[in-house]
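In structure tokens below, several structures.
One chain, subunit A, links the two complexes that follow: it is found with subunit B in the first and with subunit C in the second.
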Partner chain A sequence: MRNIHPIAYVLILPFYMFLFFFILVPIGMNIFLSFTNYDLIQWDFVGWKNYRYLFQDSHFHISLRNTSLYAFFTVGFSMVLGLGAALLLKGNPPGIKIYRISFYIPYIASMVAVSMIWLWIYDPMDGIANKILNLFGIPSKQWLYDSQYALSCIIVMSVWKVLGYNMIVFLTGLQAIPPYLYEAATIDGANSIQKFLKITLPMLQPITFFLFVTGVINSFKVFEQVAILTAGGPSNATTTVVHQIYNRAFNEFAMGYAAAMSIALLLVIAFITLFNYRYGNQGADLEIG
Partner chain B sequence: MIVASILMLAPFFLMLTTSLKSSAELKSIGFSVLPRETTISNYLVAMQRGNWVRYFYNSFVITTVTVLVSLVINSMAGYAFARLRFPGRQALFVSSLIGLMIPPQTTMIPVFIMLRHFPLAGGNDLLGSGGIGLINSYTGLMIPFIAGSFGVFLFRQYYLNFPHSLDDAAEIDGVGKLRCFLWIYVPLSKPAFATLGALKATQTWNEYIWPLIMTTTSDMRTVQLALALFRDEHEIEWNYLMSATTIITIPLVVLFLFAQRFFVEGIVTTGIKG
Partner chain C sequence: MKKIIIALILSITGVGLVGAGGKQEQSTEKKEPVKIAFWIPGSDKVSEDYFLQAAKEFSTRTPNIQVEVTILPPAAPDVNTKLNAAKLSNTYPDVFSSFIVFIGARGTRGEFADLSPFIEKWSDKDDFYPSSFELGKYKGKIYGISYFPAPEILVYRKDFFKEAGLDPERPPRTWEELEAYALKLVKRDANGNVIRAGLDIPAINPEVFIKPFLWQNGAAVLDEEKELPTLDDPKALEAFQYVKRLIDAKISIPFDYQKKSDIPFVKGNAAMSFIMASTITSTLKSNPSLREIIGFAPPIEKRKKVPFTGHRLFTIGATSKYKNEAWEFIQFMLSKEQMLKRSRLLDMPIVRKSLEQEYFKDGDAEFKKVVVEYSQLGKSAEVTTVTAISNKYLAEAYQAIYSGKKSPEQALKDAQEGILKDIKK
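Then we have the complex of A and B:
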């Protein structure tokens, strides 16, 4: 039984080639690029210049601020609402299939398509958002063209889109809580608020933590909705980190500088991931799914 | 809950009704939820603006090939990591973990440069210069989606739950490891294949940023990119834009309704075990 299986290398090779050449090597290349001023034609070493510039670049600072705000509110709202929806669906109410489908479809549909629909909703002239406001006698707003509202508009759409994901993960978590815990609590005379606070929330803690961390990581990658709804505008009110990377690299061809931004983003995400591994282990023994 | 469901679906309802309204109705004052007169000619007009048959073909080819290749290479590697013994297994597996953590947005610049300078492709010489490499090619559009470790983890996890008696029985019968994988493990892991397939199909079909970077000619556009450019290249006429949006959303929603279980499994797996 102690023999080894050389065939394993053959089975792993194709997967590993892709991993090596298109994930591992690019990380190294990215570090290298971030110390150059490569512009697709020529390059020179520039030392730490790109990284120093990160501290002066006001666009990058705005993008960090916007991305953080986006992450905070999108994750917060989609988790609270997702938990709420999961609680409503927990007892398998009639029609649960339809409800579940209605929550998934926004998550399945592409960000481009969904952004087009919301572009129409937020249209300052004929959009339904203004029509609803007008019904209540509130004057029309410029929505995506108003730097005061634009980021909020993007957040509202994104919450709507990822809500279903949070709901389904919470729902799986809720269904894994052993019913006898609630039965015991009932015998002890606990009311439903006590049960929620003392049983449901603690039992969901690993999942909540997990959703929070992955939600924040995903939020730091936000790009498509920004590119389509506002292109970062008005006057950079909605630009995000990935939007800045894209702009610098593929509109201005400042590949070296964009690589430095990518490394900064990578460090943020690596930090959150390690945080997850370090403190998220309470959830590791809870096998669900 | 009914109210919440209606709110969740309302934007799609708006998309559908707008796509059926005539241009005259949209320009007129006043608003009704349902179209006053239903017209499907918007779809025909929208599809004639740009070569949509070609865009659908592109998206379809890219999605299908990506799904198939991912299934093959990930199931093979997942089986090897779960069931075979070989020196270096631990190191190879741990280094694969990096593939789970690295968001593609942080490597898109080097991957783009590498594919642009791919040797002997798109007019490039052996050293990878002179031409456009894999830009505007299906290969270039697919590679980033085929690379990635999630599928390997999914299959490994799945195969680890198989009883060892399966392998023992195969060994007693003199069946080699490769045939054991092909004859026993593959036929028993259809759900894992369907789950990864659903997940990869969604990801690839919906992708926007990579086709945006990797294509310069309208011939190579995917449906997502074509929709984004549809808005930029024409004055916005909402009924046509919503028709195009509906059409590119339908294939995935239909696939989802038929294979719901696997999509949900995929969502939950990315959530919990990923």
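Then we have the complex of A and C:
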């Protein structure tokens, strides 16, 4: 066993304190609350009642479906488009800095500000989205007010926001791939597609895995854009699990039930993450020496 | 178990309590003035300035009570969040200007103090309209006193009426007229897109819009006594079918009713709209030339004339240590002098009988008359513990018919069952 200097424990103590008080204690309290009917005033133990109701609650089922769809499309599109943008910028085209900044700005902008901008874009009367459609003779759409389009609208906005981040991370990964691998492939007669499939993608696997896992986790926590753009409507077409947790907890004061929902969400995210680690991280440590 | 948890919380917050206790002791020794916290949801700059100024005036007049004003965000969900945080951190305000919906959601759950003992001893109480006290009442206790009726008034554009060949001095009065007028007033472009709504019909957050149609037809969302839903009433279905007909006629531009600045009428894109009196006031203040072309319709009638009238009420936090001081401040805010000041500065209706003559003496008499008529006939959000749940299902039922996902029958049936199921949970 390695001899660790006591000061090392002192140095990592602040982090562990943070982890304990701001992560583990709230999780523990949440688990406790999920077995009660706490309503901000009083509580009693209700056993598994809150968890049983999760199976009957149609709002929870709709929110799970919406959240899964949101996560699938947001993570999928943002990764594919992020990689595409990174590949375009890899060759150092003129004005690369401007492109990088332009793509990255939405990521650092606050979600509230971004949502307000997109509210305007999707405005049925004065929004740019309809103006563009009208230019091509296509009738205006009701976007956020139409259950057919509302969730897609939120996904498009979220992809736009996170795209720059994915692009920067992919670009870093692309620039770290040793050029001699491509040179060797060229000598062996590989074409561009073969190089991309046999070198670029495998070499990007650790980064892809990282972006995928963090993207899925963030997508399952989606709330702000839903609250601002649609308030979960129309007809629950955009309600998500966190939006439902918020409504139950802070509008209906069903804290115990909301806690049960959040534990269910924690389990779903944990399961997906473990699944990713088990089956999605194969060959992450490629030997290239 | 409860004891262990309470002990843990006390031990964690112990240091803070000791600090607070020290301060308290010090203040008694020095006889420092009592500080009370007054929270009010914001609206516009003029209104916010008035409340800040009034609190200052009160503090000058009664040096032993200092009022600290906090202007909250204007939207109810944001106010809700602030109150939740205050409740959990034990920083609930001493005086809170509450929306009526909070009387149901919070007053009924013991967050506000019962004002009955104060009111009983108050010599001015008989000067108030009885509804000022009735509105904040739940199971015999008065949790708030209404000082600001805020009706949703049917407004219309006289210039658009003329353009459509309608008499600008003869606004709609019944459901049938409202529908017929809206159909005549709607304006579409070559592609069939609505470029000017005949009538504003919200797509999201529609509770305030849909409830009056139920009430006008003799239906209700809830039986307030039993706290049970009544959406299975055929009269409720009739109201929903009427609204569905309006929606299907495609006479409106969709909008979110909570976002007041996005209401098409406010942007000049609608001929008729149900709008809160304060929104009308601020619209006219920012563009006074509109006064000549905006008309006010009387409350719409089917079986009854029942518009929606929101209310702001003064409440005292149940946990306030300074209830007497808080009451003193409320009395000041409800004084004739302050009420008149508010009516002049903010066009706020009065709720004291003795001020009626004064109120109509100056300002826009036509608008004031309409505001009073709507306020007197109006109904507010239900004061029950299940209002939040019923509102949620009502909004869902409305949105289901708006999007064409469900028929009015199915939407109401599902809402009725949903409310019952959620209440039992």
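Assume the second predicted complex is superposed on the first by the 254 of 289 C-alpha atoms of A that agree within 3 Å, B and C clash if a C-alpha of one lies under 4 Å from a C-alpha of the other, contacts with A are read in each partner's own complex, and residues count from 1 in each chain.
As a working rule, contacts are C-beta pairs under 8 Å (C-beta built on N, C-alpha and C of every residue); 3 or more make two chains touch, one makes a residue touch a chain.
Only a predicted model underlies this, so the values are computations on that prediction, with no experimental measurement involved.
Enquirer: Determine, for the superposed arrangement built on subunit A, whether subunit B and subunit C clash or fit.
Expert: These partners clash in the superposed model.
Enquirer: Let me test your reading of the model: by the given contact rule, A:F196 touches which partner, first (subunit B), second (subunit C), both or neither?
Expert: neither
Enquirer: Looking at A:F250 after the superposition, I want to know if it touches subunit B, subunit C, both of them or none. Which is it: first, second, both, neither?
Expert: After superposing on A, A:F250 lies in contact with both subunit B and subunit C.
Enquirer: Name the contact category of A:F275: first (subunit B only), second (subunit C only), both, or neither.
Expert: Neither: A:F275 stays clear of subunit B and subunit C.
Enquirer: Touching A:Y145, do we find subunit B (first), subunit C (second), both, or neither?
Expert: In the superposition, A:Y145 contacts subunit C only.
Enquirer: In the overlay, work out which of subunit B or subunit C sits against more residues of subunit A.
Expert: On the superposition, B touches more of the residues of subunit A.
Enquirer: After the superposition on A, what does A:N236 contact: first (subunit B), second (subunit C), both or neither?
Expert: A:N236: touches subunit C, not subunit B.
Enquirer: Let me test your reading of the model: by the given contact rule, A:L266 touches which partner, first (subunit B), second (subunit C), both or neither?
Expert: A:L266: touches subunit B, not subunit C.
Enquirer: Please work out whether A:I121 is in contact with subunit B alone, subunit C alone, both, or neither, and reply first, second, both or neither.
Expert: Only subunit B; A:I121 stays clear of subunit C.
Enquirer: After superposing on chain A, which of these stretches of subunit C ends up overlapping subunit B: 256-264, 274-282, 346-354 or 382-390?
Expert: 256-264
Enquirer: Taking the stated contact definition, name every residue in subunit A that is touched by subunit B in one complex and by subunit C in the other, in rising order.
Expert: 40, 123, 227, 250
Enquirer: Sort out for me which residues of subunit A touch subunit C in the complex.
Expert: 39-41, 53, 56, 58, 123-125, 130, 134, 137, 139-140, 142, 145-147, 227, 230-231, 233-237, 247, 250-254, 257
Enquirer: For the complex, give me every residue of subunit A touching subunit B.
Expert: The touching residues are 2-9, 11-12, 14-16, 18-19, 21-27, 29-30, 33, 38, 40, 85, 88-89, 93, 95, 98-114, 116-121, 123, 126, 128, 131, 160, 163-165, 168-169, 172, 207, 210-211, 214, 217, 220-221, 223-224, 227-228, 242, 245-246, 249-250, 255, 258-259, 262-263, 265-266, 269-270, 273, 288-289.
Enquirer: Going by the contact rule set out above, which residues of subunit C touch subunit A in the complex?
Expert: By the definition above, subunit C touches subunit A via 77, 80-81, 84, 87-88, 105, 109-110, 191-193, 195, 203-205, 253-256, 258, 262, 264, 267, 269, 388-389, 392, 395-396, 399-400, 402-403, 405, 418, 421-422, 425.
Enquirer: Given the complex with subunit A, which residues does subunit B contribute to the contact?
Expert: On the subunit B side, the touching residues are 1-2, 4-6, 8-9, 11-12, 14-15, 18, 26, 31, 72-74, 76-77, 79-81, 84-87, 89, 92, 95-96, 98-99, 101-103, 105-114, 143-144, 146-149, 152, 176-178, 181, 202, 205-206, 208-209, 213, 224-225, 227-228, 231, 238, 241-242, 245, 248-249, 252-253, 256-257, 260, 263-265, 267-269, 271-274.
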